[in-house]
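Lettered A, B and C in written order, each chain numbered from 1.
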Amino acid sequence: MKLLVKSGRVIDPASKTNRITDILVEDSKIVSIGKPSAISQQPSAIKVIDAKGKIVIPGLIDMHTHLREPGHEEEETIATGTRAAAKGGITTVCCMPNTHPVIDDQTTVEFILLKAKNEGVVNVLPIGAITKGSLGEELSEIGELKKAGIVAISDDGETVMNSLIMRRALEYAKMFDLPVISHCEDKNLSKDGAMNEGYYSTILGLHGIPKEAEEAMVARDIILAELTSGHLHIAHISTAGSVELIRQAKKRGIRVTCETAPQYFTLTEEKVSQFDTNTKVNPPLRTKEDVEAIKKGLTDGTIDCIATDHAPHTEEEKNKEYDLAPFGIIGLETLLSLVVTELVNKKIISLMEAIAKVTINPAQVLKLNSGQLKPGSPADITIVDLNKKWKVENFVSKSKNSPFLGWQVTGKVVNTIVNGKIVYSE
Amino acid sequence: MEFKKKKVLMTAKEIGKTLNTLAQEIAKKENLEKVALIGIRCRGVPLAERLAKELEKLGAKNLSLGILDITLYRDDLSLVASQPIVKETKLPFGIDEKVIILIDDVLFTGRTIRSALDALIDFGRPQGIKLAVLIDRGNRELPIQADYIGKKISTSLKEMVKVELKEVDSKDEVSLWEK
Amino acid sequence: MPLKSKDLLGLEYLTKEEIEHILDTASPFKDLFTRSVKKVPTLRGKTVVLLFYEASTRTRTSFELAAKRLSADVINITVSASSVVKGEGLIDTGKTLEAMKSDFVIIRHGMSGAPNVLARNITASVINAGDGLHEHPTQGLLDIFTIREKKKRIRGNHLKGLKVVIVGDILHSRVAKSNIWGLTKLGAEVCVVGPATLIPQGIEKIGVKIYYRLEDALPGADVINILRVQLERQQQSYFFPSLHEYTLLYGITKERLAAAKEDVLVMHPGPLNRGIEISSEVADGPSSVIQEQVTNGIAIRMAVLYLLGGGG
């Protein structure tokens, strides 16, 4: 089976390609980029996608997704979550281990991979738990998890509060070349919190989560990364202080990478004012100054990746008292459009850099061979109409908890190709 | 649709004369030692004060004078877009065993008086309640009538009777308006 | 002038004019209390539901009396704290009450914003009787009503030049929040004083001055509003070392009161912890208007019910 993506503007950050050309795919691999004459010999055996006027980019990699399966299939399943990803142009999702049971053993990893193979439409790469049950007490069997197929370890949702265990995790994961993805939140400082601490938490009467709850742990983990030379990746950074800590750490040559999520460069704490629980995320929406700092971190390269932190919750869970509603919003279907609308079109970062932060950069953090367009690479390709305006609605995800519902955005995914198969067409 | 002034029903002079006549009728029929005058907000209040003066001229002494705000007793809360603001009721005397003369400017549907009766009865048990009005314009919706009437006219529902009194408005005049 | 919203969720959401209108309307209601028949038929046939997720005696009784004095039918529903999590959800409860044709739902809830959530899910008027750390608008209104009455500040004169000092646990106090919104909108000078651990972040942005020492805050005070030490919150979170130390630093005694103006008003939303945040001598002394607050509370709540019910 051959597939020809014809006449699109191919943008590949890894090779710095930016030109109008063709991509030929055979089976699950990219065969060639360019040379249309050689391909045209047997047109009947080739399916052609006309990408004229569109951009053709590596399939997106979302390194921070909650697929909820196993355990919370009412919120999302591997089947629905991967379809939502496909609609968003995402060809690989890395699923966080806070499922039920937690991804802390080989069986759960195998279950997810099997489910993904049978029911999923995009690549699913599990992330294993740092500690058993993500309880922060003893290390999981990281070696066995690696063999089963995990690409990183994280206790996301929880923080490894015990500094000694965090140190051991960074040291131990080094042996398997696994990044340790840290959810930085000092749980004592953030206790009972529902939103950013400050003027708005005061007037709304909601318990605050200070920025320092995040920053204190970012600082600690950087220090531990320096101590251990382990690869630290900091998840969903949201504050100016975190950006600055990481900027300085990188200058000092410490092995630290990080990601942010669209909500942290688009929304501020003020959005909480109506007690709309689709503004309840962890880390919480911060101030205007933080949003500016996040953008600056994206511009100067301090922030390597943009991930969704896609966290589906049902209407029943979310439509209640703010304190009772769970943290989290969905993001797979809006990631690319928000990056284009809020970062590229507003000239915060170039299109090339923007694509890098959702493709090759996460691939490098996770040591994947995808995230780029070159002969021999997996044929994970996304075709985007950069000029198309659309209204955010009709989610494919099983849950609809998005603060972006109704937004007018620019840039729409037209086709998503995973391993040479078209998994989404507009 | 706006109301247009059709004619003057009473001039300032006629109002004065009417009140004098009303006072005489009251003095003739009532035991002035038992009488208490209670004006219904808003224009019943100055009318009550003026009537009291007239009655004092006729020999009444230490007349009890009160103010009744019937807003809380209305039956049209949430039916009417703009409600009058609730104001004080002032009854600086016990109403038990008194003969109350309720005073209002215009008697129309009777609903205000119905409310006023309810309100009054919450204050005690008067020996009797009478009603005095400056104008009776007909069109009653309840079986209520006045004991003392300044002037009786027949009107249509399209018309409006406007009473202006110096204490509240800029002049004394009663006029008829039509849509 | 009817109120703009169908609900009363907080003083933050009201304009200065709306606040003054409620205060003005409360006066004639207060006059009713001097009569032998204290009841008027204004809300006859209307149904008022008191939906209380937190224990409360005074606020519930006050609302109940207010509704009954307006001739409404009153239903009490008390939901235990445990069933907030396990039992029927707030919105479902609200919808049930709506199906029963309730006209008003007066809600007290331990979680901030619960009345807001309820209000946007039902058509009945929702009145916030205290939500979490957020607001307690009728308490704020009755406090301001009491100040206005005692200090002879009427409409038009506002509260300019009046110094109100709120003492204690500002962080956990919805009463403080509603007072601050209302008082600052009406032009009073508002100061808060308490342990630094109980002064919430960013409160100065509403327009209040922050003090940590009573001696700095009290001079020139026209009103001192003393908040209750929320003993139940003190247990876990290390806000101050001990009640003994709190009383030592922030307890209002007769000696301390001398620093304020001679005609200072002492207020307290109740229930009092005598001998902790307020000495009995002060609570029962000549400056105290604590009992009046209770009386005025009924008038304010009648005014709110009347105005939300369609009254002008």
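Following the convention adopted for this analysis, contacts are C-beta pairs under 8 Å (C-beta built on N, C-alpha and C of every residue); 3 or more make two chains touch, one makes a residue touch a chain.
Just so we're clear, the structure is a prediction, and the values are computed from it rather than from any experiment.
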Could you tell me the least number of steps, going only between chains that touch, from chain B to chain C?
1
Just to be sure I understand: the centre of a chain is the mean of its C-alpha atoms, right? Then which chain's centre is nearest the mean of all of them?
C
Chain B to chain C: how many Å between their CA centres?
40
Where chain A and chain B are represented by their mean Cα positions, the distance between them in whole Å:
77
Need the CA-centroid distance for the pair chain A / chain C, whole Å please.
46
Per the contact definition, I'd like the list of chain C residues that touch chain B in the complex.
1-2, 24-25, 27-29, 31, 35-37, 39-43, 70, 303, 306, 309-312
So, in the complex, the side of chain B touching chain C is made of residues 69, 71-74, 77-79, 82-89, 118-119, 122-124
List the residues on chain C that touch chain A in their complex, please.
12, 84-85, 89-91, 109, 111-114, 116-117, 121, 131-135, 174, 177, 200-203, 205-206
Seen from chain A, its contact residues with chain C in the complex are 197-208, 210, 274-275, 316, 319-324
